[in-house]
Amino acid sequence: MIKRFTMLLLLLVLGALFPGSALADDGPTVESNAVAIDTVWVLICAYLVFLMHAGFSLVEAGFTRAKNTVNIMMKNLLTISLGMILFFVIGFALAFGGDANGFIGIKGFALSDIADLDFGIPTYGFWFFQAVFCATAATIVSGAVAERIKFIAYVLFTVVITAFIYPVVVHWVWNGDGWLAQKGFIDFAGSTVVHGVGGWSALVGAWLLGARIGKYGKNGEIRAIPGHNIALGTLGTLLLWLGWFGFNPGSTLSGTTADIALIATTTMLAASAGTVGAMIVTWMRHGKPDLALTLNGALGGLVGITAGCAAVSPIGAIVIGLISGIILPLSVAFFDRVLKIDDPVGAISVHGVCGLFGTLAVGLFAVDGGLFYGGGVAQLAVQATGVVAVLAWSLVLGFVAFKVIGLIVGLRVSPEEEMEGLDIGEHGMEAYGDFMLRSSGVPGLMGINREQVTI
Amino acid sequence: MLKIEAIIRPGVLEDIKEGLAKFGIHGMTVSQVMGCGLQKGRTEVYRGTEYSINLLPKVKIEIIIADKHLDGVTDVVTKVARTGEIGDGKIFVSRMEDAIRIRTGEKGESAL
Amino acid sequence: MIKRFTMLLLLLVLGALFPGSALADDGPTVESNAVAIDTVWVLICAYLVFLMHAGFSLVEAGFTRAKNTVNIMMKNLLTISLGMILFFVIGFALAFGGDANGFIGIKGFALSDIADLDFGIPTYGFWFFQAVFCATAATIVSGAVAERIKFIAYVLFTVVITAFIYPVVVHWVWNGDGWLAQKGFIDFAGSTVVHGVGGWSALVGAWLLGARIGKYGKNGEIRAIPGHNIALGTLGTLLLWLGWFGFNPGSTLSGTTADIALIATTTMLAASAGTVGAMIVTWMRHGKPDLALTLNGALGGLVGITAGCAAVSPIGAIVIGLISGIILPLSVAFFDRVLKIDDPVGAISVHGVCGLFGTLAVGLFAVDGGLFYGGGVAQLAVQATGVVAVLAWSLVLGFVAFKVIGLIVGLRVSPEEEMEGLDIGEHGMEAYGDFMLRSSGVPGLMGINREQVTI
Amino acid sequence: MIKRFTMLLLLLVLGALFPGSALADDGPTVESNAVAIDTVWVLICAYLVFLMHAGFSLVEAGFTRAKNTVNIMMKNLLTISLGMILFFVIGFALAFGGDANGFIGIKGFALSDIADLDFGIPTYGFWFFQAVFCATAATIVSGAVAERIKFIAYVLFTVVITAFIYPVVVHWVWNGDGWLAQKGFIDFAGSTVVHGVGGWSALVGAWLLGARIGKYGKNGEIRAIPGHNIALGTLGTLLLWLGWFGFNPGSTLSGTTADIALIATTTMLAASAGTVGAMIVTWMRHGKPDLALTLNGALGGLVGITAGCAAVSPIGAIVIGLISGIILPLSVAFFDRVLKIDDPVGAISVHGVCGLFGTLAVGLFAVDGGLFYGGGVAQLAVQATGVVAVLAWSLVLGFVAFKVIGLIVGLRVSPEEEMEGLDIGEHGMEAYGDFMLRSSGVPGLMGINREQVTI
Amino acid sequence: MLKIEAIIRPGVLEDIKEGLAKFGIHGMTVSQVMGCGLQKGRTEVYRGTEYSINLLPKVKIEIIIADKHLDGVTDVVTKVARTGEIGDGKIFVSRMEDAIRIRTGEKGESAL
Amino acid sequence: MLKIEAIIRPGVLEDIKEGLAKFGIHGMTVSQVMGCGLQKGRTEVYRGTEYSINLLPKVKIEIIIADKHLDGVTDVVTKVARTGEIGDGKIFVSRMEDAIRIRTGEKGESAL
């Protein structure tokens, strides 16, 4: 994470951290203008990251069944709301409030007591950007556990991940004193910090919950449970793609660096290559290009480039994106068919697996220090350390959290509720009141006209 | 009084309506159904899993007619709906006891 | 064609309200850069506010029936288009073109003759921002009168509100010479100016039109008329939320103040708290968290913080948001059950009631002058004055306007048209041609399978 | 195309074209701030243009049938992905990489070897902006050929247009050395360069493919094939409208000019006037205001103002928008009824015809040089030259490309596939698995309940 | 045992249900259909092309009853569904051979 | 020739199809209906107003069979569709006069 310290003064007058209204009489200076540019840039990028929540909502809803749409929307809405408040009260402090042994922050709860900290831009701006990131990590889980998790259990897990699991990892990597930061671990915008944490937590959740009723036949045959609104799913993916232009270039925390243009470019090219890569794989496997996996491929490319977006060349970005796009459908098949972990929207593969690959890829493709650019294996080793540490942390913490939550409130809705749909069961309403729907979810068959065949 | 139920491919409805108008038959009730029979379904893929769909969309037409129109109606339907390929559909005939026109209360054939 | 911000003078050469092409050779200065940052910020914020129209469209469409979707989209489209043109030709002049007795502006029709006015940024930029605000106020009405108002009647009301009702209130509050501005009334981004005007006009409209057929039973029992597309309704709410990050922080009209970061933060926290507040209330009332009202709660929190977003602390924002979110479902129930005013999307409660609360809350929570911060009741009294004045103005003007329009063209479509849907009746087309819909609107029952019960 | 040369040094250190990380120690300067503002502005505008792809996807999907939704989404996704990669590898070089005879660029393939070129902002930023433009031109074609073109044929055409047809035209007009640029041809943001190329290519494609089955009756009667999701179509139009605020004001390539405010204003007013114009025409023709054509009218107004957005006055913009909106439904009727070219979404009329009008309109309405402002016919003549040249180029190249592609892979899907829908045929999946659809596409009737009548 | 099939306008269903409850009849099966008869369709416009829709949405109710309820049921339906305007719908009556309650296996009238 | 109409819970269709295949019966027509009977509906809430839904989604299968298959078919359906809880559905049997295969014009039982 890049931070620049260009300001001479930090005036904490109700958010006026640089020559603002309070100092208007003095007029702008070169330095205040630079900070203003940085602030404007970071806020706008944060807005784009916020928009990713709309993207997540649509992707998750689109790729699941109509009878669970209300529930998915509610989960996403809660993730943002609760995530913001918790990250304000607790999470930010653990992530950025000073340091204890490189492991965790210790002050700044509710943003109090941090007048001494300088984030280059007004603290509220910095908080805002980090807060929308936090909610992103949490929301990744939502997709993997969709269509069967109890709403209250999901809410509780969101509390744990936004208030503790995620902020700690942020501290390790993005707080200068964090132990992974000290080792030189490069994860510019969060292939591992955000997507790894989200993806591996999603893995634990999906695994502990078990598959949706009907996903696997009595004899283990794999069945498709098609999503109900591919138009919205596509829109969601495009909104996520757009949001990534805030996610990655915004992670400079500065608009006064030319890096933002490079990062936007590597991000765009990796996403494009991921799309093409996934499309080609599905085309070859099934004789037809598959939209659902191709959309996942775009996201895979984006997750893949996130760690190295500022460190690799455009051509490196294309290669990373392409490989992510190729890995994606294979990973989806692996979890679906080999491990039989039911992940309705592919969250584990998109965020966990492509995030893992992308983080390692920095060790290979970094123009400065990457193996392929003559930099040896040192960086790669550091990258592997970071990946493994975060993976272990997320799996263990996630496991404990889900287990405890399961004990307290139970993880999974009843089979009757699952079949009728969580919209009725958890929220007492339907998403599409005026539309005739094909028969609602039933064991073994999502519609009256489906008979799945394993291939 | 007879009920003609024809299960046909979607899309030939308009021609059937035209054909029946010749006999002065204008009333009919149409619904969307799914059918299976000899016709084979199709294969779809979703997220890498292939599956076959063996109920195909069909249109069901119900026409209540006076007995005398039986042959005329079945002829029209058969002619219009036939492509000669599997999946053309079927016509079923059954007897109705009575019909009532709600608006007027008329009964029997005059209610059709 | 390129003009740079290089001077302190404002030259009016066809839109070049400050340093134009002639001075390009002089290169940028600190001052011109500051103006450029402000201009870029205001434009981008205005774009986000524009996006709120997509949000409004989706919320309104999603929470009404499929048979009225085309009509709702058409109304929203018209509101923007007509609103822009009218605000250009008339509205802006009344709002910002000089002053007559603190009540109304008197020049600047079609932006002519205002070379002497300086808005800190290019006049076109200032106009643009104010214009999208204007359309926002107008569009609020659309939701409350949905599913029964004649299209032509709605169009005529849009003319009145964008050309007169709203601009006059803007003059009172946001033009330095306005009588409420002079009193020290604080409504930073428009809890009252925008949302109050919209919400109270909506109240008049919904009341004069009467309830939708089937909303209230013969014996006065209250019936639910579920919306047809909660997925789109949720997306719309998220887009509105995003747009608010332009609405509030953009109202600084400057990107060179640290306030923008504070305002983004208070806005985010209030929205989050509003969401949580409304969810908890519905959960307690019905045993299940209700998505429709929770979405409204997010908007309620946003409307609530709009007046005080720059004046309160983050914790103040959380409290204001939370209270707004709690008020919201109660207000909805009050209008629905006690007053029996049929407001399909909750516009009156979201914009009118939460806007009223938010404006008063400034008198309580303003760090500088609020009652809770030892500032006494002076500010609160001023806030109350403003709230009452705008309420009275909007109700009276709205009443007169709707009555006159009703006399000229009639307000309400025929019962037959209402039952068949306004899409066919007003526009001759359907929104969802390929989908099987549950039976189209019929008195007393919106679907073939609904039987409402009063609670 | 406007280029500014403010930098003294070009440091090609991995994209750091101005004081960025490499020079952070030196601190910001007035000049570096100005470049930073420009860069931030261009990137954000480019993001908005990227969002237009979501807009295009929704408009195209919304105004066609449910059975082709997956195919349309896949096409749009591919257009972006492939377009980006090809514009990176080839297109950019042909457009901006030096010059050969004013006709074509000759270097800069994969952005290599262009350290000597200065685009005022970091080259990656400039590339990024141009790349999203390129994909826009390509995607216009998608709508006109929808519901019948083979996916592989569309992919191949996308390759040709993004790698060759479009970049060459860009070179003519937006590269300072291009022959049309030299003549003084004004097409500020691409009424002709982008929309003309897209629209005329669309015309060739739609004409060569022939009409969709059922569009024209045996006796030549014209039939309606209603779109399946007008809500999404409206959202798409609003997203396009929003994207245009990046498209036009971003084409300054600078945020440090007051022009951005003027351009945003002219763009907004023209879109509004286009909406109103189209609505009035349809209201007069059919007795009811038609949403589908009114939405097209908004886009027509936007396309119309694109060429002259920086050259005309706000009132000029209203007139241009209004005329575009009036032309639009007439043009749609002309292609549909007279030429019997089946263009499901009106792409030819929106982009081709309104783009043509808008480009010519610069010769009439340009405050500086326009006929109506006493500038004589000189500019108009130049505008006509440019329009004709690009029209001829696009038609001829498009014709050759489609013909060759047709020979290699065939252009059109089989009638059976077309009737069943391209989603199943080309991609093996459905877009709306949980919804009951009215009967799937059948010759002569799109639903079981439609009987079209010519008027 | 008789089957009453009533094709009615959408929206009168609840009243019919209430009316039948008097006879202790609670079971019925409802589906959405499209109908044409004497009732005229409507005209829509899409992108400047007008077209007429002549199948209108109707609701079909199927009620299997013991013979003795015939008059009661048809009376209720007729009364509730009648507006007196074209398009009110029709009632068709036919004979059923048997009924089986799946849950218990009961047959005949006791299965209704 | 008989018509078997079974109103069942959604989701047991595939098993019924398999069961019928034993008798060589492949043709059937399926539609989505809403039903009410002894089964209670459910309560939903919308914007603070609760309301009950008492028509529940069911699947209707229509199978035209030769008389001899009656017991076999009803047995299969009963067995597969029975959960023992209210709402399992019903089977209705009625007589058909004739069947025509549109593709070939075949009539009677050979058309099934």
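Here the chain labels run A, B, C, D, E and F in written order, and each chain numbers its own residues starting at 1.
Here is the rule we use: contacts are C-beta pairs under 8 Å (C-beta built on N, C-alpha and C of every residue); 3 or more make two chains touch, one makes a residue touch a chain.
Chains and their UniProt names: A, C, D = Ammonium transporter; B, E, F = Nitrogen regulatory protein P-II family.
Note that the coordinates shown come from a computational prediction; the quantities given were computed from them, not determined experimentally.
Note on connectivity: the fewest chain-to-chain touch steps from chain D (Ammonium transporter) to chain F number 2. Although chain B and chain F share one sequence, what matters here is the overlap of their interface residues, and that overlap falls short of half of the numbers used. Comparing the chain pairs A-F and B-E, the larger number of C-beta pairs in contact belongs to B-E.
The distance from the centre of chain D (Ammonium transporter) to the centre of chain E, with each centre set as the mean of the Cα atoms, comes to 52 Å. Note: centroid distance chain E to chain F, computed from Cα atoms, is 18 Å.
The centroid of the Cα atoms in chain B and the matching centroid in chain D (Ammonium transporter) are 46 Å apart. Annotation for chain F: residues touching 2 or more other chains are 30-32, 34, 43-46, 50, 54-55, 94-95.
For chain A (Ammonium transporter), residues that reach two or more other chains under the stated contact definition are 30, 33, 37, 40, 44, 226-227, 229, 286, 288, 290, 292, 428-430, 432, 435-438, 448-449, 451. Contacting chain pairs (ordered by label): A-B, A-C, A-D, A-F, B-D, B-E, B-F, C-D, C-E, C-F, D-E, E-F.
Residues of chain A (Ammonium transporter) touching chain B in their complex: 222-227, 282, 285-286, 288, 290, 292-293, 329, 332-333, 336, 346, 448-455. Of all the residues in chain D (Ammonium transporter), the ones that touch chain A (Ammonium transporter) in their complex are 14-21, 24, 27-30, 32-33, 36-37, 39-40, 43-44, 46-47, 50-51, 53-54, 57-58, 61, 69-70, 73-74, 76-78, 80-85, 88, 110-111, 121-125, 127-128, 131, 151, 229, 232, 426-436. For chain D (Ammonium transporter) in complex with chain B, the touching residues are 419, 424, 428-430, 436-445, 448-449, 451. Only residues 2, 6-8, 31-38, 54-55, 58, 60, 74, 77-78, 81-95 of chain F touch chain E when the two sit together in their complex.
Taken in their complex, chain F has these residues touching chain C (Ammonium transporter): 34, 43-55.
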